[in-house]
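Structures are listed in the sections that come next.
In the two assemblies presented below, chain A is common to both, partnered first by chain B and then by chain C.
Moving on, here comes the complex of A and B:
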């Protein structure tokens, strides 16, 4: 009798755990399916390539897509070098010494800071302190000391820095020590070992971290609320270099962003119910973007693990 | 080095070099210097240059590593710098509550957050209550589901299923929070209102469900790691004593990995308190002092997100928002620190 009860218990709780995992996965699928069917109807080339018109109740979302890409590019330019340098320093130069432990602790804490606090910091430090300071020194009236793309990207870069550092560190740690030892035995210096042996081996792991941070940064909203995101901008944040006529991203302009567009359309636009299809369409584009990036990371990882074996 | 020497000397035919008087003496020369000396010298400068290069690179990398420390310190300084100003602009007692006149003209003590207007009221009590009213149910829901998922991944699922399920749970973490907030606002809120017959369509409970979507992956993934770090001998011993699989999981593996599970729950709670977009979209944003999860609330994060865009810099509301941000930062900082201490202690214990 007792054995039977124990067996039933065993089966029940194992089933329960399976049920929970199944539930979580089905929630994920439900979200994706709902967004897909809600938004697939409005996705047309016009929606993706045109500006919003008639007070954002019609037209496309091209400026938002463009703005998201711009800010992600800027963010990556700022975050990747610093993140990789920190990871190399942590794994190759200072191991478990005091300094290494302090750096690791601050990275962990940086990862746990709420995203809205990054937004506050962006306003208080980047815009008011650094931006206004640069304006004062250079004699501009108001160029850097206002919410612009540069500061939004810097805030996001700070947010994704721990992601890059942790994934890069993992990648560097997975390179076998024997390879390093072999290189050292040939008389290579530390930097030669890192550059010619460790980094090439860890390349795909570092790339994974970069993609992961792009997807994280592209979807984040709270840090850019006050650091440069615009409700509606009739122009693209681009300026043309005189004489040669090459358009480049203008980091001193405001921008539109997919995630902010969803937020503002769903909560504060003039006609929330009527623009539901546009909201779903924007959501589908954003989720498609981040989902593809994440999926590529997963596939990349599996492929890489197989190759390593 | 030796090879280099031979190579170079064979290229430099000694007799071809102008002014090479002593070519016949057998010592190879270039101009009036011995080639071996040149090589040693260049090797020396090479080594020196290399050392300088190494030094510079190490310092550059060090700066990169320092960035994390510097920015954590800067966040501390700049949040608290603006936050402390609030104490000079607003009386400290006003952060708890103010005396107001009620409908019968009696002076009553009330906790209100009404920063707009002549006499702004800056009680942060409703905001803190609001934050916890969202974070606690969210932590509860995601502890149950997250730990369940973690146990399933670590102990029950076969390797093949695990390889499919774990990335899927990670994908859930990769969905932008604004999307989850949007779906809570449009779909989930209606479901909750229809099934619980709540007065407010947007309430703390809707927000809590939304937030738990974000922290389930965190808890599941850390729980999975913690349980997988439990040595296999413990399981084998338990099976050897005749325990069933569930008894082994629940009475041996989970207690052995309990510190990791606890850490994951604390980290999840930190996330729940700091989550912004979901709560700003799905909790109704009414700063009420209430214990009812089905009423609208206003969290600390949502307050900052909703108000900072519209306040003049340096005003009392602006500083009050930074103070709210400092409190939030402090709470999550402590939670992270505790979780990290638990994890590092666990690592030490398991290594022994």
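Moving on, here comes the complex of A and C:
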């Protein structure tokens, strides 16, 4: 009798787990299918390469695509070095003593802070404190002390920092002690061990952190809301170097962004019916773009893993 | 220098332990050991598991303190200079005292890059000079003929025995004076073990070698001096032939004849 009860419970538990997993996956598939069929129709070369016209009810979304790529790349450039440095400090220079515990607890808490709080912090710290400060010292009238791409990317970088630190720390810890010992026994300094043995081994783990942070950062709206994202811009945030005429991304300009574009079309538009297909199309492009950015990092990672062998 | 050694067939002390006591945290791993390691001789450390053999030789290049909380009393003299003195440069100490570990631990890099790892740390970047170091070190570790055509292959592709000889070559590449070997054959098959033993026989012409081994036959075959450790204490230390044929201590005899351990 007892055996039978046990078996029933076992089957029930297995069924429960399967049901839950199935539920999660079907929600994901439902979203992707809905977005795909809603948006695939509007995606044309013109949609991808032109700017919005007629109060966002027609035209394309190129400035938003451009802005999203710029800000994600800028975010990665800022967050990766800071995150790696923090993780190296935590694994190699602090142990389980008080300071290390405090820093780790802070990072875990930072990961739980709502993104809108990061956005407001970005305004207060980056724009008003750092930006205005730089302007005053350098004697600019208003260059750094306003919402621009630089500060939006910095705010996003802060947001993804915990993700990068935690994954990098795991990657560093997984480097075998025997390799560290081997290097120390040859007379390497701590920095040489980190630089020549630990980091090359941890490279693919660090790139995993980059992938996770792109996924997190590229679609965020709240942190960039007040820090540099624009409702509509007639031009791209591009600056042409005088004389040589080479266009470069201008991090001191405002930008348009896919996530914000979706938000304003869904909430601020006067003609919901006209913008609905564009919303779906923009969402699909955002998902696709995140996927492409991730794919490029994954290719990097495969390349590094191959080289390691 | 030392009159006693001049009279006694010209052997010179390279490393001398004076009342060495070694703690991991609160645990006393080595208890008041005094002994000497002689130049161009192989000294074997034998004893049952956990008796402090590895700790003893790792105390010489101070490698234990990287991963452990350690405390040391007494002295370890390398050429009459205490390596636990405050002004000792650990980087220089570890260059002079090379180490080969229990399990082969080559870096996941090419064979060439493994050997030049040490010299590069010290700023040698001249390609010709590095090439010479590679050929010299691999020849000395009896690996050159097997790998000379595939120096850019990954070290991980080598067999266990080859990997261990590569690790020896890597240690030799920084031109050490002392070579510490912590059970270098414990992860190898008998053929590979025999090759390493031959190699040690050859290397002792140039280096002071301290080898920890679990295998008493190995100690008897390759060493000139043998120390028997038990529970962190040096029970007996003498010329190898004496230890194995006519031990002073009853415990040593029991261990060597296989009554325990």
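Criterion: the second predicted complex is superposed on the first by the 279 of 309 C-alpha atoms of A that agree within 3 Å, B and C clash if a C-alpha of one lies under 4 Å from a C-alpha of the other, contacts with A are read in each partner's own complex, and residues count from 1 in each chain.
What we mean here is this: a contact is a pair of C-beta atoms (placed from the backbone, for glycine too) under 8 Å apart; a residue touches a chain by one contact, two chains touch by 3 or more.
Values in this document were obtained by computation on a predicted structure and should not be read as measured data.
*Asks:* So, A:57: does it touch chain B (first), chain C (second), both, or neither?
*Replies:* After superposition on chain A, A:57 lies in contact with neither partner.
*Asks:* Comparing chain B against chain C, which has contacts with more of the residues in chain A?
*Replies:* Counting residues of chain A touched by each partner, the higher count goes to B.
*Asks:* Check the residue A:189 against both partner chains and state whether it touches chain B (first), chain C (second), both, or neither.
*Replies:* It touches chain B and chain C both.
*Asks:* If you stack the two complexes on chain A, which partner ends up touching A:146: first (chain B), second (chain C), both, or neither?
*Replies:* neither
*Asks:* After the superposition on A, what does A:296 contact: first (chain B), second (chain C), both or neither?
*Replies:* After superposition on chain A, A:296 lies in contact with neither partner.
*Asks:* Quick one: is A:201 in contact with chain B, with chain C, with both, or with neither? Answer first, second, both or neither.
*Replies:* Touch status of A:201: second partner only.
*Asks:* Answer with first, second, both or neither: which of chain B and chain C does A:173 touch in the superposed model?
*Replies:* Neither chain B nor chain C is touched by A:173.
*Asks:* Which residues would you name on chain A as touching chain B in one complex and chain C in the other?
*Replies:* Residues 189 of chain A touch both chain B and chain C.
*Asks:* Give the list of chain A residues in touch with chain C in this complex.
*Replies:* Residue positions touching the partner: 176-189, 192, 196-197, 201, 308-309.
*Asks:* In the complex formed with chain A, which residues of chain B make contact?
*Replies:* 50, 53-54, 57-58, 60-69, 71-72, 74-75, 78-79, 81-82, 144-145, 148-149, 151-153, 155-157, 163, 165, 167-172, 174-183, 185-187, 213, 216, 220, 244-247, 249-250, 267, 270-271, 273-277, 280-281, 301, 304-305, 308-309, 313, 321-322, 325, 328-329, 332-333, 335-337, 340
*Asks:* Given the complex with chain B, which residues does chain A contribute to the contact?
*Replies:* Residues 6-7, 9-10, 12-14, 16-21, 23-25, 27-28, 31, 34-35, 81-86, 88-90, 93-94, 99, 102-103, 105-110, 112-121, 123-125, 128-129, 158, 161-162, 165, 189-191, 215-216, 218-222, 225-226, 259-260, 262-263, 266-267, 276, 279, 283, 286-287, 290-291, 293-295, 298, 302 of chain A touch chain B in their complex.
*Asks:* Where on chain C is chain A touching in the complex?
*Replies:* Going through chain C, the ones touching chain A are 61, 63, 66-67, 91-95, 98-99, 101, 103, 105-108, 117-118, 121-122, 154, 156, 167, 170-171, 174.
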